[in-house]
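In the part that follows, the structures are each spelled out as structure tokens.
Look at the two complexes coming up: subunit A is in both, with subunit B in one and subunit C in the other.
What follows is the complex of A and B.
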């Protein structure tokens, strides 16, 4: 059961991550990323980290993916935009990836070859209690700094992505459009013109059944 | 029980895939997603070592890594949106100036 599940998850994770990299549509790439993250979450469970697995699902597969999808749809990337022109040969990048993977694998092989005692995990390893116990004692200061980081990130996103046009007192005046007041006046004039010619559609509608 | 080393090798492969994606793709959002993939691979390494060493500290580090990744995604996507408003593109080859 265990090894088979791991092989299944590994194949799913690697295949979906490769598909994520090579697929042309950002939406499909994001959905492949969900598969990769979900497979990783199950691996966290296999590694006795159920709390981190739940966090992975909530934060990555939930919040971050939704944010990516939202931005992709918000930018409304056209198909023409998606056609990318690659710089340089593709095989060079693949060789680079293979070299990096081999290097990391060599490091892992070297680092874990010595072995040593494998401590048996105690009961409740990776549970909410065990993680939170460490989080609120030894890692209390980093935990508080994390809250500051999240506040800064939130404020930064609002400042970066705000619409200058909608700000009160903003001097946004595109050529040929005029100020907001002028546009309101024009809209009001349009409404008045539509009201004065309101009889016209009624005449047409009344004339229809007689035909 | 699977040896945690297997997860370390898998994390290495996922990291390499993300790296190739960053190098190959030109769309800023896809590059961003590949960076997330690399972060995810590192998280997997942390959890695997946490299991290997019988220490819960690795999982706490992953907790912080998730918080940092969330903040990073929010700010990064806001930057991409701001650049798209300015330049009407997210192609990194056309965004090669710090000031424009």
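What follows is the complex of A and C.
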């Protein structure tokens, strides 16, 4: 049962990875990536690491890829937009690919050659307790440094994406409506004008071209 | 071999029974919602099919089966069909790890009233429900309709945002029970329900659960007055029914989690027996669901920026504070 499941999952993972790379629609590419993640998550379950499997689904499939999809839909990327033309010669790509494949084969070969003498899996391997224990004792410093790096990256992205004009004291300002202050000013001016001419005040929002 | 087949058969039977009960509950939740909302609004609700409209869910089901299945022009046909299937599959498979009661003995065979007792039970639920958002976003996109796309995007942003505070609100009970296994968490509440020890966590959970299930006051994804119907505006027939089913199944799931993690699960007040466990569980779940319906009948819809601000600037810090307090108290009690 185990080996059969593994082969099925491996085929699914590799096939969907290939499909992710070659598909012309960005949406489909992202979805194939989800399939790859799901297949590897099930492999983690087969390896007695259900905690890692759940994390894989929650973090990658459930959050990160959803944001990918979100951005693709927001930018309205059409099919074929993201296709890049190959630069550089084909033979170089083939040689480099062969080198990577050879390395992978060597590693797998090395692992299976030592096959019988693999160390036994420790008790509670892959459980919540063992992962948390390692993360919060032995690898505490790298773990914290990683989280600081991530926060710095996030703050950097927010600063870069921030609109320079809307900086000091900016309020919620959707396009075509005008800021709250501008609307208040316009309303006040309108009232004043109406009071002086004795007409009914017209409701006019500054910066609203439709009125 | 025969024994293994027997236990496999027993498990299959159990899955079929729980599934059947679950689907019936979903159908009747729709009926209860219409009836209760009707009475809140001084109407009478469904009345004509069967005694006091009790057969209305059946009639609705038949109607949805017989409706024409329209696929809009320019839609992505494959994803259009896949989206409702994702929604319904993820919504229905969460029920697998929820324990409805302790073990009972039938015909000399001990039966656990739970399909699978995973040791990461609650994480399994979070993982599966986090995949449900694909159904919504893909349904919105594949429809080739701007209202559907807007609804799908809104819903995705909302679900991803509130997933954080929902997950963090659950951390409190997990810390008190010291386990992610649903049964251990429930058994830790034999004396005191966690709602007593975690009132803030329970409130945060309820609010986030309303947002996760796209219900009033957080139903921005299908705000009728702005978006016609949201991500499922182009769907008809059984495909629409699948989205509908998934929404109500998700409601039942969040109510079941609330019951299991905060309201003591199958532990009753006074009367406790293995056979009464499911009764207590269902009673508490029904109470939570009635509160959801009551809220829908009472509150208006929030604006989109209010919703986002509330999620990130109020609920998320509150849930973090809750975790810190829980941890500090747990440390202090350990001495």
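Just so it is clear, the second predicted complex is superposed on the first by the 133 of 211 C-alpha atoms of A that agree within 3 Å, B and C clash if a C-alpha of one lies under 4 Å from a C-alpha of the other, contacts with A are read in each partner's own complex, and residues count from 1 in each chain.
Please note the rule applied: a contact is a pair of C-beta atoms (placed from the backbone, for glycine too) under 8 Å apart; a residue touches a chain by one contact, two chains touch by 3 or more.
It should be emphasised that the depicted structure is a prediction, and the values quoted were computed from it without experimental measurement.
With subunit A as the common reference for superposition, the partners subunit B and subunit C occupy compatible, non-clashing space. Taking subunit B and subunit C in turn and counting the residues of subunit A each one touches, the greater count comes from B. When both complexes are overlaid on chain A, the residue A:35 reaches neither subunit B nor subunit C. Contacts of A:15 after superposition on the shared chain: neither subunit B nor subunit C is touched.
Residue contacts after overlaying the shared chain place A:142 against subunit B, while subunit C stays out of touching range. Look at A:62: by the touch rule set out above, it reaches subunit C but stays clear of subunit B.
With both structures placed on the common chain, the touch criterion links A:51 to subunit B and to subunit C. Looking at the shared chain after the overlay, A:71 reaches subunit B, while subunit C stays out of its contact range. For the pair subunit B and subunit C, the minimum alpha-carbon spacing after aligning on chain A is 14 Å. According to the touch criterion, the shared surface of subunit A, contacted by subunit B in one complex and subunit C in the other, consists of residues 51, 55, 63, 67, 74. By the touch criterion stated above, subunit C contacts subunit A in their complex at residues 79, 118-120, 123-124, 126-128, 130-131, 133-134, 137-138, 141, 149, 152-153, 156-157, 160, 163, 180, 305. Residue ranges on subunit B touching subunit A, taken from their complex, read 1-2, 4-21, 23-27, 29-30, 32-34, 36-37, 40, 43-44, 47-48, 50-54, 56-57, 59-60, 62-64, 66-75, 77-82, 84, 89-91, 93.
Only residues 2-3, 6, 10, 13-14, 17-18, 20-21, 26, 29-30, 33, 36-37, 40, 43-44, 46-49, 51-52, 55-56, 59-60, 63-64, 67-68, 71-72, 74-75, 77, 81-82, 84-87, 90, 93-94, 96-98, 100-101, 104-105, 108, 112, 118-122, 125-126, 130-131, 134-135, 139, 142-143, 146, 149-150, 152-154, 156-158, 160-161 of subunit A touch subunit B when the two sit together in their complex. Against subunit C, the residues of subunit A that register as touching in their complex are 27, 31, 34, 50-51, 53-55, 57-58, 61-63, 66-67, 69-70, 73-74, 127-128, 172.
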